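Submitted below is the structure of interest, expressed as structure tokens.
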Amino acid sequence: MMLRNIIFLFVIILSGCNSEKQQSDKGEEISDDWSEVLKSSRGKKVTWMMWQGDPYINKYVSSYVVPNVKEKFGIDLEVVSGQGNQIVSTLIAELEAGSSSSELDMVWINGETFYQLRQIGALHGPFLEKLPNTKFIDFSNKFINKDFQQSIDGYECPWGNVQLALIYNKDMVEEPPKSLKELKTWVKDNPGQFTLSNDFTGITLLKSWMIGLSGDPELFTGEFSEEVYSKYSDKLWDYIKEIKPYLWRQGETFPANIAQMHQLFSNGELAFTMSNNDGEVDNKILQGLFPESSRAFIFNEGTIRNSHYLGIVEGSDKKEAAAVVINYLISPEAQLHKMKPSVWGDGTVLSLNELPDSLKVAFESIEERKYAPDREEIYELALEEPAPEYMIRLFEDFRQKIIEQ
Amino acid sequence: MKVEFRNVSKVLIYSVIVFPIIWIFIFSLFTNWAFPSIFGFGEFNINIWERLLDSESLLLSGLLLSLIISLITAILSVSLGFATSEVIYKSRYKNTLLLSAYFPYVLSPVVLALLLQVYFVKAGLSGSLIGVIVALFMIVYPYSVLFFVGYWNENLINMKQLVRTLGGNKFSAWTKVVIPVSKPVISLCFFQCFIIAWFEFGLTNLLGVGKVKTLPVQIYMYIQEANPYYAAVASCLMIAPPLFLLFINRRWMSESIKFSPLR
Amino acid sequence: MKKKILISFFLVITVVPVLAGLIYAFLYSLGITGVISKGLTFSYWKEILYSSGFFLSLFYSLIIGAITIFISFFIAYFIYPFFINGSGKGQLIMFIPLSIPPMVWAFYHYLMFSGAGFISRLSYHLGLISNPGEFPVLVNDNFGTIVILTHVVMAFPFFTLYFIRIHNSEKIDRLTTLAKNFGASDSEVSWRVRLPIIFLKSRVLLILYLVFVAGSYEVPLLLGSQSPRMITVFTLEKMQRFDLYDKPVAYGAAFLYAIVVLIIVLFSLKRSFRTDEGRV
Amino acid sequence: MLKVTNISKNYSGVEVLKNISFDLQVNKTLSILGKSGGGKTTLLKIIAGLLRQDSGEILFDNINISEKAPELRKVVYLYQEPLLFPHLTVRGNLEFPLKLNKTLSKDMIKRKAEEMAEELSIADQLDKHPGQLSGGQSQRVNFGRALLASPRLLLLDEPFGNLDAQTRASMQTFYKKVEEEHQITSIFVTHDLKEALIMGDRYGFLENGKIREYSSLAEMQKDSITGLQNEINFWKELEG
């Protein structure tokens, strides 16, 4: 009898294996009437999975966004920690289990995460035209309207726009190497002080270098090309193998994430660190994390400029509340606060010309960045993000061809 | 000469053991610990500790959450484990049954979580407090069974039967004799079960989808964002309850190892 | 009746979930289930067995486990005699390291041994190094130095307590006296009497602990190297990779790891049960 | 009167008890002689209700108690070890069965326990813990506790097996005395021939799951299987 019970249980459990893919479309839609949306989202709880690798971003969210959406819209915003890959694996697990409603309502994504979530149909959309504040967004900007060469199609909402910058310590590096060639010389002369993180930021640097080595950014626009990838990634690996012995710890290991790299930099173990956010150096100096002698710069070959976005989960049953939160995050008020170097220093996605004059002035009078390069200047050196496959492949090959060698 | 060597070694071992606790505590009182200062520890700053009293504090809620999870898991595991272990102790298939208890316990919890994830999501348990407790129970309960099977003996069973012939019912046999007699062992098992649940990170993080922010999950988060000062305060909060339980259990602690299947 | 309910409950908790998880993982790794499933394929298994680095990770984990056990065994073996007698306070102190979570130990060792950590600063003030870069790489290194250290500080106190118990239950004091009456010297007693008894009596525990260390997660996650990776880190990374086609590989790796653990546990415990029964 | 009929018990295919039947008058003691492993303990546990027989009945004063829970049978079963509850003092142990009976007042319980301690001549040990008692003292407390449960039948499973020869002899005398004063009906199981003879009014011999009954010593002596005749011959030869 006991045995029978157990077998019975097994049958129930195994039935779990075959019921995936049955998408639940019963989740609510976002109403076209915004006042309806506001009304129905009051009192809801929204779960937002985001990368939490930076204390000041976390602080912006926890002590500015969370209380504000609570007060203004009566929404409880719960933030959970998870990078792109964790978002993907969480949502896949839910799809496979055929769960009726998702644990996550809203996600902070871009590039390859967007690509993968679209692949498995985990994103809700198009929803952009329903948000009143999208009228301010600078959709004409190619760094905003395309995410890793993919059209955003209304499935994700731009939130911030930034460019990869290198950060160096002026006390340790008199004149920073401005090109890949100069970098090679510098690294050989100063072994052990340069490296890159084995995460999104580090791979973005690799991408910039790969494009730089090709000499022709046009090659990397449009869809993924195996030919282009193999040709120029080989060049990239050759370059890295050449400097590898002169990297931090002889290139045997790399900082696992950018936070760890920042720490090595602030301790003086490294002369360089980097950031996906060109304005971060000011923010970090203000918070006392980086030495005052830190400066940011950009290679002559250019660096990747991209936007990061917010998406709504298809399986969520609080899509309207999530839309309200997103609409708030792209409001001029929230964007302005976010852009202050003392808060986060994240570039805005709004088009200043669309804004009423008073707001435009407010944006223009944000305290100047002191240590980061000029916005206009680096814009000239901005590279577009190539298709997401480049990122996925670089991640894998970096592990196989560099780390594991 | 020999005695001295022995004492020196003892003092050395004591300091190796006690130093980390003291050091982490002191470290938690400061921020901006820049190279190369050793004990200067940068600025004295008990802000993080003060913020604990704030009702919005993530650390405080993490502490309460961890306590709730570990206490519930331990109470369930100890009570059900004690009852189950008697049956298994008496069973003809004792050893075979015990083998199956070792397995979930020795298998890495995070891999177990990975294997179970799909079922947890299906059952709507993923990302919830109850889900984390259920998952922890799957590791801690077998442990408790293993622990108590090593404790049961003929005398205890005979004593339980004696109560019946003296006129007590099943209930009073448990409440008036078996449980009071086993109090030290139950207390120890509780301590160990609490600790296993208290320590667990990988499983909680995976099945909790980051929503169940227990202290270990928070420590990991703080280390990830290079914020060692918060991590230090969270570490202090993590060390205190087990030490407190250790203090309560100190009288019969060294006996405990007798029943401990592992750890 | 109560008996049957309890035993069914016990089996439902211990056997059913693990088995169900294994079956799902196995089906997934064969491409039979999952979002990207396109029907039965052995390509993922080919990858697991030949090119994924699974065996390297498994082997590396077991080696880290073995080194940890070896070191902890000898530390415990040499210090436990100091704690046999006395009030039990000495034994009590051994529980303190066991009360500190692995996550906290890992964090503490990171603060101690990283390039700008405590030991590095100490070396700086002693004039041994002039900047943090000169400090030897101990954290995240390929040898897993600090991973091993972290496990050792958690294992040796436990072993010490365990050896004290063996010492008492096997009446090693009396055997020592006996051996000395036969003319054995102190070191002969230690190597020929004490060591073999303690080793034999603790070997099942040592194997289980080895498996335990090999399956640890947070310690290698924070302190381990990126290549090779411990098996848990390897599996989790494969699972949470951007490449969706790594998921079946991760499930296959989890499956295979679980089977290896199952075999080790079965083998070592069967033997221990047999000797147990022999003693009764 | 106790009447046991056709009790049988199997353990995984092995017949431990085969159709055991006997009866026992009130205030009498049945001494059962048998080697260990002969089914003695199984028989006693079945009578006490701690094990269930496969077939057969137990009647007490013509009432069938075979299906009753142990606590309702008023049969106390004593093990070889005294099994005093280690978390209670001697007083606590003595009061234990009294406290299970909810009708008694606190004072009453206290008085009864003290009287019993007086009778057992352990009044000065009342506040000690079981670990502090000698073997004989523990056994006294054990009896006292059993008597305070006011059983209709007492089952003793080699109660003196663990005592040294001297204490054992004195406990045998002590028990005889108590038994008479309290008018106890009991079954006394032992593997010691002499003890069986001293303690019993009637005698039984249990071997291979079967019982033979003898209503007198002479009857027992006749049956060579009990070894009583051999024993007597041995002593005679020694004298002669």
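Every chain is named by a letter (A, B, C and D) in the order it is written, and numbering of its residues begins at 1.
Heads up, the rule we're going with is that contacts are C-beta pairs under 8 Å (C-beta built on N, C-alpha and C of every residue); 3 or more make two chains touch, one makes a residue touch a chain.
From a predicted model like this one, the values you see are computed outputs, not experimental measurements.
Touching chain B and chain D together: no chain.
With chains reduced to the mean position of their C-alpha atoms, the one farthest from chain C is D. Ranking A-B and A-C by contacting C-beta pairs places A-C first. Of all the chains shown, the one with its CA centroid nearest the global CA centroid is B.
With each centre defined as the average position of its C-alpha atoms, the distance from chain A to chain D rounds to 81 Å.
As a whole-number value, the distance joining the C-alpha centres of chain A and chain C reads 36 Å. A separation of 53 Å divides the Cα centre of chain C from that of chain D.
Under the contact definition stated at the top, the residues of chain A that touch 2 or more other chains are 13, 16, 86, 96, 263, 267-268.
Counting partner chains per residue, chain B shows two or more touched chains at residues 35, 118-119. Listed for chain C are residues 7, 11, 15, 20, 24, 116, 132, 239, each touching two or more other chains. Every pair of chains meeting the touch criterion is listed here: A-B, A-C, B-C, B-D. Looking at the complex, you find that chain A touches chain C at residues 1-2, 5-6, 9-10, 13-14, 16-18, 20-21, 84-86, 88-89, 92, 95-96, 112-113, 116, 119-120, 192-193, 198, 248-249, 252-254, 256, 263-264, 267-269, 391-392, 395-396, 399, 403-404. Against chain B, in their complex, chain D makes its touches with residues 12, 45, 48-50, 69-71, 73-79, 81, 83, 85-87, 96-97, 100-101, 145-146, 149, 151.
The part of chain B that touches chain C in the complex is made up of residues 6, 9-10, 13-14, 16-18, 20-21, 23-24, 27, 35-38, 80, 83-84, 87-88, 91, 95, 97-104, 106-112, 114-116, 118-119, 137-138, 141-142, 145, 195, 198-199, 201-202, 206, 216, 219-220, 223, 228, 231-232, 235, 238-239, 242-243, 245-246, 250, 253-254, 257-258, 261-263. Against chain A, in their complex, chain C makes its touches with residues 4, 7-8, 11-12, 15-16, 19-20, 23-24, 27, 33-35, 53, 115-116, 131-133, 137, 140-142, 225-228, 239-244, 247. Interface residues of chain C facing chain B in the complex, by the touch rule stated above, are 2-3, 6-7, 9-11, 13-15, 17-18, 20-22, 24-25, 79, 82-83, 88, 90-105, 107-108, 110-111, 116, 118, 120-122, 124-125, 132, 153, 157-158, 161-162, 164-165, 205, 208-209, 211-212, 215-218, 221-222, 231-232, 235-236, 239, 250-251, 254, 257-258, 261-262, 265-266, 269-270, 273.
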